[in-house]
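Just below is one structure, and these are the notes that go with it.
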Amino acid sequence: MFPWNYGFHWSTGNVLFLGAFYTVLVVVATTVASAILRARRAVAAQQTDAIRWRSDFHDLPPRDRVCRHVLTGEFQVRECPNAFDCRQCETHARLVALHPPEAPPESGEELLGMSFPLDRFYHRGHTWARLGPDGAVTIGLDELGRRVLGVPDAVDLPAPGTRLRVNGPAWHIHKRNRDVRVLSPADGEVVEATGGIGGDGYLRVKPVGRGFDFRNLLAPCEVKPWLLREVERLQGALSAEGVPTLADGGVLLPDLSTAYPQADWDAACDAMFLQA
Amino acid sequence: MRKTTRRDIFKFAAGSAAGLVFTPAPWRLITDTALWSENWPGIPRPARGQTRTRFTHCALCSAGCAVRARCVNDQPVSLSGLAGSPLCAFGLAGHQLPYHTGRVKTGAIEEALAAIAQRRSHDAVAVLDLRPGRTASWTYRRAMAALPRGFYLAAQSAIPAVNLDQVRTLLSFGAPVLDGWGTPSTVLAARSHFRLIQAEPLESHTAMLADLWLPLRKGSEQALALGIAHVLMQEQNAGASFPAEATAYSPARTAQLTGLPEAQIVSVARELAPGGALVLASQEWPEILQLNRLLGSVAHTIVGRRETPVPASWKKAAPVTAIEAVPDGSIGVLLIDESVCDGYLPWNAIEPKLAPAPLVVTFASSRAGYGRYARFTLPTAVYPEMTDDIPPALDSAAATFRLATPLVAAPAGAVEPARFIAQLAGLPPADALRERTDAIQSSGRGVLRTYADGKSIPVKGVKPDDFWKVLNEGGCWVDAPDPVEPPASACQSSSAAVVAMTWEMRLARGPMSPLLSKLYEESNLRVRL
Amino acid sequence: MTGKRYGMSIDIDRCTGCGACMVACAVENNVPPAPEGATDRKGITWMRVFPVDNGRDGPDRKSVFVPMLCQQCGQDAPCVSVCPQQAVQVDPATGIVGQMPERCLGCRYCMAACPYHARYFNWWDPAWPAGMEKTLNPNVAPRMRGVVEKCNFCHGRWHAAKERAVGRGAREIDPADYVPACVEACPTAAIRFGDLNDPRSPVAQAAQQSGSFRLLEKLGTEPKIYYHSAREWVREIGRAPAGKEQVHG
Amino acid sequence: MDRQLIARGVRRCSTPQFLLWILPWAALFAFGLYCAGLCLVKGLNQTNMDNRFAFGLWIFVDLTIIALGAGAFFTGFLLYILKLKDLDAVINSAVVIGFVCYSGAVAALLVDVGQPLRAWFTFWYPNVHSMLTEVTFCITCYLAVLLIEYLPIVLRNRKLREVPGFLVFEFELHKLIYVLAGVGTFLSFFHQGSLGGLFGVLRGHPFAFREGLAVWPSTFFLFILSAAAVGPSFILFTTWLISKLSGKRLVRPQVLQLLGRISGLLLGVYVLAKTVDTLIWINRTSPGAGFPAQEYFAWQPFGTWILFAEIVVFGLAPALILLTPRLRLRTNWLVSAAVLACLGVALNRFVMTLQTLALPTLSFDRYLSYWPSWQETGTFLAVVAFGVLVYSFSFRYLLLFPQEREFRQEPAAQVSETAVMDPVGRS
């Protein structure tokens, strides 16, 4: 193995063979080492949450990863290449330029028996963000999300001053032995954690840097097609193993968390909160 | 202080494992395992030391081949023959015989003595000697003569010699001629000038090597002997000396009985006819002796041999009694010397001769032989621990005297059968071997051969002490040629001469070097019976 | 470099199958006795005598004994190139195919490679009956379990002869001084030993003799063991086997 | 109770049911470990191998499972290097199978050698001319690569990925996985080949000896080809089997058909090459060494039927089935052909190892038979049980078939769409 070992000759065979062996060793070691180094760097740069979301997103079923422009019918098939962060998406920018968002439909607030006020932007992980007059943003859970979770057993809110990032975890809700992480719709710093009591938002967030950018969130006109699809997904997740009825008379139950077996409900949470 | 969590323990373990790789410990351990595997525990390290060459004679059979022993620190580590006198496989591993796992190491010597003392006054005492013709045999005979009712039984009847130089055609009825019979050097030297015909049902080693193999039917050996006699009588008109029954064995009938072709029986008979024939067999069949007589072998290829001189005072010895001659149920005490073994008597021949509740004492190094029937098995030394002389080989026409001297010490507690029996009979304590060599020396006959320098010197000029010394250092006394032709009567029981122990018989009877397992278990050279 | 090429000639016509060579070999090379459960397929017999017949029955049956040992193939012996850790090597000075048990891993690839089945594996821990270890030859180290071993033309004897030659101040070993144990033990002198490169040596002459043959010559392994028989059918054993037998074993 | 460990979106049987499944395998594994321990402590006398049958069941098993495990390298190669994205559905399973096969083989090899403590000698004093050296180097390197490839799959476990370090490392490693796939392909190529070379170079056994290219006999290339051919077949078969055992849909049928097509294509090429090789061997190589080839098949029970079985029944037949699009569409045909192909490679390895050793080379040799001892069989069963256990745990706690989660929703969505949705939105 080494020139000083017994039986080593500087023959072609030896050199070729051991050369190949050492090359393999070096390549494998370099690969692993660079993965470790990059991982350390990523952890140091606090990219863990972003990576977790990317990893989650990668693990989502393809039908859950569709581009928002498929929902509106602009594409037949398209998978989101940016993990639901449209801020960098050129395609999105082009499409928005081509078809400027329509005015919100009048009946927008009541959809499928649920309240979806259009004074805010919705995130595909069932949160919303509403810009307040003071320039801070209120973040909350939408009605569908609330119905899926019911009344939380506990809520794990970030301390004021915590930095939130788009698609990073905003807060955690504990229910039925399960920890549901809720994705943040916006970048910012937590000012106040209201905890959803009273129904109007969980967090208040102030902008960091250049201010808020809501391009990644659904415009009011996209809410209805999105929501229709979401209910369909929810339906699929819940009745996969043969529990047929979703709702009484076609209307969503106010609290799904108590109406279904754990596995079904788990699947519903996964589908709604984009957890892989 | 922070509480130690499970996570900390994991971290510590992982860190230690990773850190350990950078210490010399694992690499040192790896190297050590290699060293350890080289000095695998339990592997003996051969002792080193002063190497010496010693000479002796192999006492495993009566061929008594000369042995050159390579000794390290007085422990023989290998044996070899001398130029022109090779050793057989048994002999080559002889120095390992003392370490046979089946060896008897202890025996109730005092109890045996007491038991014999109790019985000898009113019971007949017999000694069975498995290698007659030794000095020890003389001691037994003298001891039995000293007792009121003593018998000396020999496993073989008086042994004539075979003169292989004269043999031109050798017909063997299953005798292992090329497989342990005779002295290897003598047989192999003579092999080039005799034709070997082996009549044997199975393809033994000798049959494989014979010039002609007659695969006759099992149990038809006597029929073939008679059939050959029939042909000889018809063709030579010499039927007078042969029993009338041979006339009934026409070639056709013999062929039918033996399964051999008629023409082959005739041609074998014709091959034997011209003289220089010798017929051997694996059992004492009377037909064999008769066939030898018919062929004129007696006093030609089967010859009488002078006896090695014995002190005159020994002549008052018990005669050799055939087992058949002993009255049934008479032997109360049977002493068997199994320390060396050339032939044996089947137990069913001995049993009827024993008195009720007999006392059987055997001197042996293993329980494989008569030990099964004996009340006492007393341990003996084995070759090469023992001091014993070896009777002349059956293929030696001249008398010889050779000693097997110990190369290693006998274990404590080993009994010398001759000394034991001499004491029992109240013979005066004396070194019988020394007495005998003095007798040989004083006869002035023959020459003394020394192997170390390859010289032969006439005995006449040698002083008794030197004679004794040389014999103890591996020398050999060889008798001068007998000026008088021995009477034909000396060869009466000639067929006994040809009964030889096969390897398999030896294996069944006593310990062999553990290494011979190579031949029996680890190769298909020999099939263990 | 003297460039010797030690070889052997074995006269099958002279072999009596006495087994002395096998025993002498085992004594010389400290091969342990067969352990409990050993068979002729698991034993260690560097030298092994095979009874071989002409395949017929009755009076036409002929048999001979064929001593088999490592055939000491030429430079590229089948076992040398297969050993993964250079535990088998041909000594260029003697032509002897050497096996280093202390480097052997026990993978047995060399055994699979050897067409002569002349290699043996230590299936058991070597064990001698109590006391018998005193009779071991001090010139040869006993091997451990789990390694392969084979005939090396009594390398211990070669070493001793070399030492004696050096002691004498001689450059070369006296041919009479270096003789493997089996050669020495053979009662009929059927086995002879010597330098094949020396045209005067009896072995080199025997190799040229008519009736001389080697086993499986067509494989191109260049064995240095020459067999001899005057009989045609015996010489046939050097050829490849013919598949006429039934399964046994 | 172990629900937290099971991947989201898939369903697994209850813990007691799983334990019930594991228990017999664990018992078998424990028994096998005892057998292997006997062989290690008491020595190889515990086996029925002997000086003539120097290799036995273990080498045959090693060669076979390594050929079957070739699916790992070959799928990786197709997916990451040739970018056959469809195979993403089975790559995790392929890696686990590869890992199981290789680690099992290495473990068996370590029991098989007489002095396992000296295993590192091969690395320290390598004889580069030996095929076994090539095997040892490649097998250990590739096992390390497989371990590294297996690592991300483990780290993706629901519980483990909660640890940020694991998550990030897995993410970064996965980005570089194509490098490992490339190295793995290189190593496997030489490893499968050198396993073939192992017997192909045995000049002393003309039954196995083959001429070849440079230092590699033709078996070197045939082994690569056959391993690449049956690797996908084995993955196809195992996927189908696990699907049957677990009662779950794991991959889309198109994936299995793709695997079948790849397998069939390569098997076809292999059968052709094997036929040419056999003809050369019968007519030139073997007679050239003094061994007329027909003599090999005169020793019963291995007559010419074994050659026919190897090439036609277990080679040509599955190749044709897998290459026929109509038959490929039928699961029964597809799976049967895959099984035939796997059996074919096992037969080939059997012929190369055991038949080679059984055949006599000297005219006075006997034709030998060999039957493994219970200790040998036990050790082999330990390898099997080890594989089943590792795979079972992996299947339960790791996501081996990403498509499985989709099937959970797909059929249900189709059924319930109209029934429940309509009244809600439009009313």
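All chains are identified by letter, namely A, B, C and D, in their written order; residue positions are counted from 1 within each chain.
Following the convention adopted for this analysis, a residue touches a chain if its C-beta (ideal position, glycine included) is under 8 Å from a C-beta of that chain, and two chains touch if they have at least 3 such contacts.
This structure is a prediction, so every number in the text was calculated from the model and none was measured.
Counting only chains that touch, the fewest steps needed to get from chain A to chain B is 2. Counting C-beta pairs in contact across B-D and across A-D shows that the higher total falls to A-D. Remark: chain A and chain C have CA centroids separated by 76 Å (rounded to whole angstrom). Distance between chain centres (mean CA atoms), chain B to chain D: 62 Å. Per-chain Cα centroids separate chain C from chain D by 41 Å.
Among all residues of chain B, those that touch two or more other chains are 37. Multi-chain contact residues, meaning those touching two or more other chains, occur in chain D at positions 115, 118, 121, 124-127, 129, 133.
For chain C, residues that reach two or more other chains under the stated contact definition are 39, 42-43, 50, 86, 125, 144-145. Across the interface of their complex, chain D is touched by residues 1, 5-7, 11, 13-14, 16-18, 21, 24-25, 27-28, 31-32, 34-36, 38-39, 42-43, 47-48, 51-52, 54-55, 59, 61-63, 111-113, 228, 231-233, 235-237, 239-241, 244-247, 249-252, 262-263, 266-267, 270-271, 275-276 of chain A. Taken in their complex, chain B has these residues touching chain C: 37-38, 40, 42-49, 72, 75-81, 86-89, 92-93, 95-96, 98-101, 178-179, 184-185, 188, 203, 205, 208-209, 213, 215, 261, 264, 513-526. Against chain C, the residues of chain D that register as touching in their complex are 43-45, 49-55, 112-115, 118-119, 121-122, 124-127, 129-133, 136, 198-199, 201-206, 288-292, 295-301, 356-357, 360-369. By the touch rule above, chain D contacts chain A in their complex via residues 3, 8-9, 11, 123-129, 133-134, 137, 141, 144-145, 148, 156, 161, 164-165, 167-173, 175-176, 179-180, 183, 186-187, 215, 399, 402, 405-406, 408-413, 415-417, 420-425, 427.
Against chain B, in their complex, chain C makes its touches with residues 16-20, 22-24, 26-28, 30-31, 33-34, 38-40, 42-45, 48-51, 58-59, 61, 63-65, 102, 125-145, 181, 184-188.
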